[in-house]
Structure formats: structure tokens, C-alpha cells
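Structures given as C-alpha cells follow.
The same chain A turns up in both complexes below, where it pairs with chain B and then with chain C.
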Partner chain A sequence: MKTVKGRPSLFPSSLQKWPWGSILTVGTTVAVLVLIVNDEGAMQWIQTALATITAGILTLFGHAAVVAGSTVQTDVFGISVVTACTGLFTTGLYVIAVLAFPARWRARAIGLAMGIGGIFVLNLIRLVSLYFIGVHFPGVLDLAHQGIWQAVFIVFAVVLWLLWAGRWGRARRPASKVVS
Partner chain B sequence: MRCLSVNEKEVVRVFERRRVVRRIGMVLVLGGAVVLASLSAMADDPCMKLPDLWMPADGTQGLANGGISVQQTSGDVCQGDTVTITVTVDNLSCGDAGPFYVTVYYDGTSHVIGSKRVEGLPGCEYTTLTFVWDTDGVPTGEHEILACADTGGAVTELNESNNCITIDEDLLVRPNAPLIEAEKTIDGEWYEPGSTVTFEVTIWNYGCDDQGDNSGHEFLDTLPDGLNATGYATATGGTITVDGDQVFWDGSIPAGGSVTLVFKARINSTAEDGSEICNQGIIYWDSDGDGTNDASEPTDNPGTGAEDDPTCLTVDIGGEAPPLSGTIDAPTLSEWGAILLVILFVGAFLFMIRRKGLTAA
Partner chain C sequence: MMQMAKRLGLFIGIFLAVLISLTALWSAVVPAVTRLVAACAAPVFRLVEAENVTHVFAQGDQLWVYRAVSSHQIAPFTWFDRYTFFAVVPLIALLVATPGLRIVGRLWRLAAGCAVLLAAHVVLLVLQVELAYAAVGLSRVWMLGTWQVVVRIAWEAAPIVVWVALTARVWKRWLGNVWKRQQARTGARGPMHASLAESEEG
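Entry: the complex of A and B
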């Protein structure tokens, strides 16, 4: 009898088993994110909230900051919180990755809380630090803004997801033994 | 002694004549050279020039012996007080100037403050003169001070057009009564319906007498349609009150002092985009010092060149805030950053899938 050996798949069988559910989840998440991004009111609310919290933190540090629209401004410097400043793209990717990865819903909830909260806090730190760099070290503002903070953001999101997936991601169930 | 023949005598005469001509020529050449050299020397000697009197601007350095010019007054005065005016006249050329007069005027050459005679000014030298001006009877207000050298035209100069100077700062002769001026400003230039605007009014008393807290209000501002007082009002002195859409202030301002009023108003939520809202406050003051407010003056918008003009704002619905210097957009990721993040996430995802699959196996 001829035995046909199947070629080893690039993906383990677990991936082959669940793509429909994952595709649906990812698709739904992407749709929601696209709706949010295209909803001017929702984006304005997110931007204003971020600007308001940033202004509050700056005020705590002794820089009387006010918010005009979605711009945080003081007498000496200002940061305009546009859509791309909200970290929504990074958060969205992270959310998709969490929802698409095989895990229990409770674990996914933990992952979402970690990621959304972590990226939000990191973005606040980024905005506040960019303000102080702009005021005190304007010569390195571009480097900090376009180089360092971008790299930190990317590494943070990916490493956070890896930690979550490593800790809470569900392993493939071992094949059940058939007892004859 | 041998006598010369006729031919020999003729030869000697010719030689004698030539020698005389040669000497005359030499004398002429030498004389010409001397004259030319003298003329040249005279032309190069600057001290052969005419004098040039001028009034160097205040603070001009490099006068003789390291001197610095002074063209100043002692400052604003109350009517009847004296003003000291100091002027410097310099002789720019090296030609000496004979006696001349220096005269100081206010508001043109028809109002003479005083004239002084200078007995002469050697070339390249300067002199500083002081005039004392009694302002009794001089009209109150700002006056332009003009100083001129050689007002009698006694000195022939290389340049006759640089003999006068107007002193940089006008002199204010203040009345012996209150003299009130006021400005009104508004914060920012971006106003949406429903937003709050802040007005600041500064009232100065330039007079030499205190403005008292007389009967009636010293300041009154009636807000126009489109603005509603919020009730917020502060003053650095006196009492400010908001009553409906009227803001008024009562108080005194000492001579030379000022008071600042701040109040807020809200733009009507129904204000139309692009509509302009203007208004002015009115100051009431005592122009003759008799204890009664008999004069009034509208506030001025210092943001324009016009005098006593209203302060305005333009309603802007959905407008962008004016760009601030030093404001940046702060996107978290550039396009390449986003692409890199997607690639890393996909890679990490596959890595974890394989890892979990292998672990389970």
C-alpha cells in the first residue's frame, strides 16, 4: 500500500481550524475602527479628550496650558492633537491581533485592557514629553518626535502583545488519544 | 689783451643770449613747480575748508576728545514747571566757525523757547548748550522740540542743510487737572458662538491733578447685541459693577496713575458666522479739576492706528484656531512606521501561532 506523506504546513493545524471565526472578528473590528475614524464627532471627542488630559498634566507641571479645539497651547509652545496623534492605528492593530489570536474571552479582555490602556498612557507620556522637548530642546524635537518616540511606540505595542499572547494565548489542544 | 674780432663777438653774444634764455627757463620751471606744489598742498589741507555746523543725533559718538552728543529734554512736566533742554552743536569740518546763534523751538519755528550765542566753534570741535524752558502759559499736550544752529545765517558753511534736529521724544506738558485716556483690548482673535471673551480696559490719568471718585460713573460700557456679560469683573482699584449688560466703574485715579478693569462676556450662541461685534466704553472725567465730571472720552482700540476707535471681534463658526508659533502636529506613526508596525505584528502573530502549536504538540 502506498503511503502519501503530506507536506508539512507552514501553519500549524490550529490556525487551519479557526480562520473563519478570526476573519469575522478581524473584519468586524476593522469595520468598527473605520467607522470611528470616519466619524468626525467621535474623532473630535477623542482628540479633545486627549488634548484636555495633556493640558491638565502640563498644568500640574506648572505650565498653564489651555485647549483650543484639539490644540494644547501655552504661552510658548503648542501641540495639535490631530487624528494621527491619538494612537488609534496602533491601538487598532493591537486590538485586531488580540481578537484574532486564539484565547479565552477573559484573556482577550485582559489583553485589550492592557493594550488600550497602555498605549493610551504611553501616548500621554509622549505628548507631554514632546511639549517639554519642544520648549527646552527644540533642536532635538524632530528626532524625538519622528525617531525615538515612533520606535518606542512600535516596540511597546508589539512586545506588549507578545507578552500577552505568551502568557494568556491558548495553546493547541493535544490530540485526544484513542484507546482501543 | 687781445681784441676779439667781429665774428668772435657775435659768437659770444649768441652764447650769452642762450645762457640767459636757459636761466629764465629754469626759473620759470622752478617757479611753476613751486606754485603747483603749493596749490596741491593747499588743496589737501582740510583746514582750508569752510566750517560745517550740524546737530548730531542724540548719543552720537566720535565727537572731539571722545565726546558724545546730547539732544534731550528733562522729560514731561506739569504746566508751569520748567524743562531743561540740552543740545549739542558740532563743527563737522576743520574750518573754524565764527560767532553764531543756537535757537530751540517747540511745534515749529514760530514758537521760540530760547536762543544762545556761541562765540565761535573751532574746526572739528563741539559745544553743548543748556536751555531752561518755563512752560507757564504753554498749551498742554505733546510738543515737538526743534533745535537749530546758526539761526542767523552768520556762518558760511560747507553744508547749510544739516543745522537742525528734532528731539526724538515729544515733550508732554500736562495740565494741572486730570487728563484721562483709555484703551480697550480683547483677548485672542478667534471667537465662536457661546465662547467667552475677556475685555481689558486701562485708564490712565496723564494730568497733574488726581481724578476723584466724583458723582456719576467714571467708566461705563454697555455691551452690544450679541454679547452678554458673564458677571465676571475685576478692577485694580475702585469698584467695578456688572448690571445686566452694563459694566461701570467708580473710583479715583491719582495724577500719573492708572487703573485696569477686566470683565468677561459671552458671545450669543445664535451669533451669525462672520458677524462683527464692536463696542466702546466711555470714560467720564473732570477736565478742570472742579470735582465734577465734565468731560468724556471713548476708549481706544490700540490694535489699530486710528484714534478713539471701537474694539471689535468677528464671529467665526467652526473656524480653525489661528496657527501658533511653535505648534506641532504630533502623529504617533509616520507611514513607514505604520507599515513597519503591521509587518512586526504579522510576524509576531505567526511566531506565536507556531510557538503555541509546537508547544502543544
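Entry: the complex of A and C
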């Protein structure tokens, strides 16, 4: 049986090889995500907040918008912010990728701030752009909404994570010695 | 850092070019993709249902799910639109844009990635329909809300997970090179700069 030097283990070596930290991180993050999405109050708050900010940005662009619940409405067009439009799932995946990667906690905090902030801003750009696409090019709204923007979210999260991992994600822990 | 940004810029550029090209072709290929998913999903429904009540049909670019309402009659239950299986497009774009792969390796990964994503979509489709039955009271599922969220996360995560599984080694090597260059640079600038960089990096 393999043991970590100076510390005999109760668990067989096959179980010790499993990335328990990463498994725990994925499980916890998914559980938190499920709790948030299933909490109607929390989701309503997130959706209304996003709708309010989007309405504010549209008003800045000269399209006076009002918010009713999680719907942003102007004289010409309206968009509804539903759960899938909150960017929560992409954020959750990014959080899992950062937390599961071997790095110091300070580096992880930087990664989380970068990702959560970046995805939030990109989501606002997405909502505003979808409004303008709906107004000017309604024929491609579905394509932009369900196709292009989903793909852009994926590549954005991936590139952000690679930037973080390349710059801050390097693990500096000394490797534990394993003896047979 | 500059080299890393350049590399990632190229990655984004190729990704977007492939994404736009394939998106332009999507209308032409989506009926075939929908037919393929329907053909694969039908036996899975037969496998998971004690009494096969679900029938799937590709109708143009939409996938329709019918449910048996009597022994001789089926009625439409729900449908999936033309973008339900669109995730194959970003997956292909990610695999084409991934640096450091040879042609054979890239082609192998494209084939394997599309096959695995198709399988994932079939499984998720079946799960989503079975959960929808429970949601309208046609069956019972323990912790229904939780499973619905998990399936939604899985729809989103599927292309990324497949891509990561197929290219993890490439990116590990790439990150290793980035870190080596960083280390060489901080080392070359002397101990004071190195320690500053160290504290910056946390």
C-alpha cells in the first residue's frame, strides 16, 4: 500500500488517487447553483436586478425603458430576463474550473472576481445587444439569442480561465513525497 | 504574457471564424441533425420506459415528442426547436481553434467529440422529457426541481466538458510552457524582481 511519508493512510491507494478536492468542489458548486435556481425569491431578485440595469443602459442609449417584474419594455420592443438569461450556469461552470484548479486561495479569489465580473458585464452586453437585434433585425433574434451568444459565452469563459490560469493559476505547493 | 495574449487572440479569431461559417450552414444541416437525434432517442425511450409511451419525430428542423394517450392514439406533448442541438457548432469551433494539434489528432477529436456530444444530447433529451412528465403530474420523480436544474446545467456544460476532456493534455502542456517562460523571465530579472513578481502572483 502506498502511503504519504510519515502519515499512514486508512484508505486504499486507489481511493487516495481520486481528486477528492475537485470532486467536492464540483459537487458543492452545483449544489449551491441548484439552491439558487430553485429559490424563487433569489432568482426573482437576480432577474429584476439584471432587467433594471439593462433598462438603465437602454435609457442611456435613448430608448426609454421601463421594468415590469423581469421584463424590460420600451415603446418598440421588450425582452424578458429568465433564468437562462442570467449567466448563472456559465458563471457556475467557471467557478468550478477556478476552484478545482490547483492554485493559492488569493489567486483563486482573483480568478473568481475576474470571471464573475466579466461574465456579468458580458451578460449585460448580451441583453442590450439582443434588444437592439430585436428592434432592427428581428429575423436573426433567435439565432443570436440561442446560437451565437451561447457560443460567445463559452469561448469568453474559456479564454478568461486560460488567462487566469496562465497568469495566476500556477500551483506553488511543494509536492508531497510518496513512498512505496 | 504578450505571447500568451497573442496565442489566445488567435484562438478567439479562429473560433469566431469557424463559428460564423458553421452558423451560416446550420439551417442546411439542422434537419439532418434533428433526424439523427430522433433516431437515436427512440430506442433509448423504449429502453427507459416500462411501457413505451413516448414517440419522437423529426419534423423539418424541429424535434417533436408525442405521448400515447390511448392504445391507438398519440398526442403532441412538447417540441425542441432548431437551436436545441446547436452546441455541436461551438464544440467544432473550439476543437478547430485549439492550438498544437496535428491534423489526424484534430480529426480524431472532431469525430469523437461530435459522437460523444450527440450521445449526451440524446441522454439529456430523454431525461428532460421524463422530467417534464413528472412536472405535469404524469409520473413521480424524487427532488424534481433539483434534477431539472442539473439537466439544464448539463445542457450548458456538455460541449465544454467534451472539449476539455479531449484537449486537457494540450492545454496542460501549453500552460506548462507559459509558466516556464514566466519563471525564466522572473529569474532573468534578478532576485529582487523575482520576489516582487512572486508577491504579485500570490
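In this section, the second predicted complex is superposed on the first by the 152 of 180 C-alpha atoms of A that agree within 3 Å, B and C clash if a C-alpha of one lies under 4 Å from a C-alpha of the other, contacts with A are read in each partner's own complex, and residues count from 1 in each chain.
Methods note: a contact is a pair of C-beta atoms (placed from the backbone, for glycine too) under 8 Å apart; a residue touches a chain by one contact, two chains touch by 3 or more.
As the structure is a prediction and not an experimental result, all values here were calculated from the model.
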| item | value |
| --- | --- |
| Fit or clash between chain C and chain B when superposed on chain A | clash |
| Partner chain in contact with A:150 - chain B first, chain C second, else both or neither | both |
| Partner chain(s) touched by A:115 [first = chain B, second = chain C, both, neither] | neither |
| Which of chain B and chain C A:84 touches, first, second, both or neither | both |
| Touching partner for A:30 - first (chain B), second (chain C), both, neither | second |
| Comparing the two partners chain B and chain C, which touches a greater set of residues in chain A | B |
| Chain B versus chain C as contact partner of A:168, first or second or both or neither | second |
| Touched partner set for A:100, first chain B, second chain C, both or neither | first |
| Location of chain C clashes with chain B - one stretch out of 94-102, 166-174 or 184-192 | 166-174 |
| Shared chain A surface residues [contacts with chain B and with chain C] | 84, 89-90, 93, 146, 150, 154, 157-158, 162, 165-166, 169-170 |
| Chain B to chain A touching residues, read off their complex | 190, 320-321, 324, 326-334, 337-338, 340-342, 344-345, 348-361 |
| Residues on chain A engaged by chain B in the complex (per definition of touch) | 11-15, 68-69, 71, 73, 76-82, 84-87, 89-90, 93-94, 97, 100-102, 123, 126-127, 130, 134, 138, 141, 145-146, 149-150, 153-154, 157-158, 161-162, 165-166, 169-174 |
| Partner chain A, residues of chain C touching it in the complex | 1, 4-5, 8, 11-12, 15-16, 19, 23, 26, 81, 83, 86-87, 89-90, 93-94, 145-146, 149-150, 152-153, 156-157, 159-160, 171, 175, 178-179, 182, 201-202 |
| For the chain A and chain C complex, residues of the former touching the latter | 30, 33-34, 37-38, 83-84, 89-90, 92-93, 104, 106-107, 110, 142-143, 146-148, 150-151, 154-155, 157-159, 162-163, 165-170 |
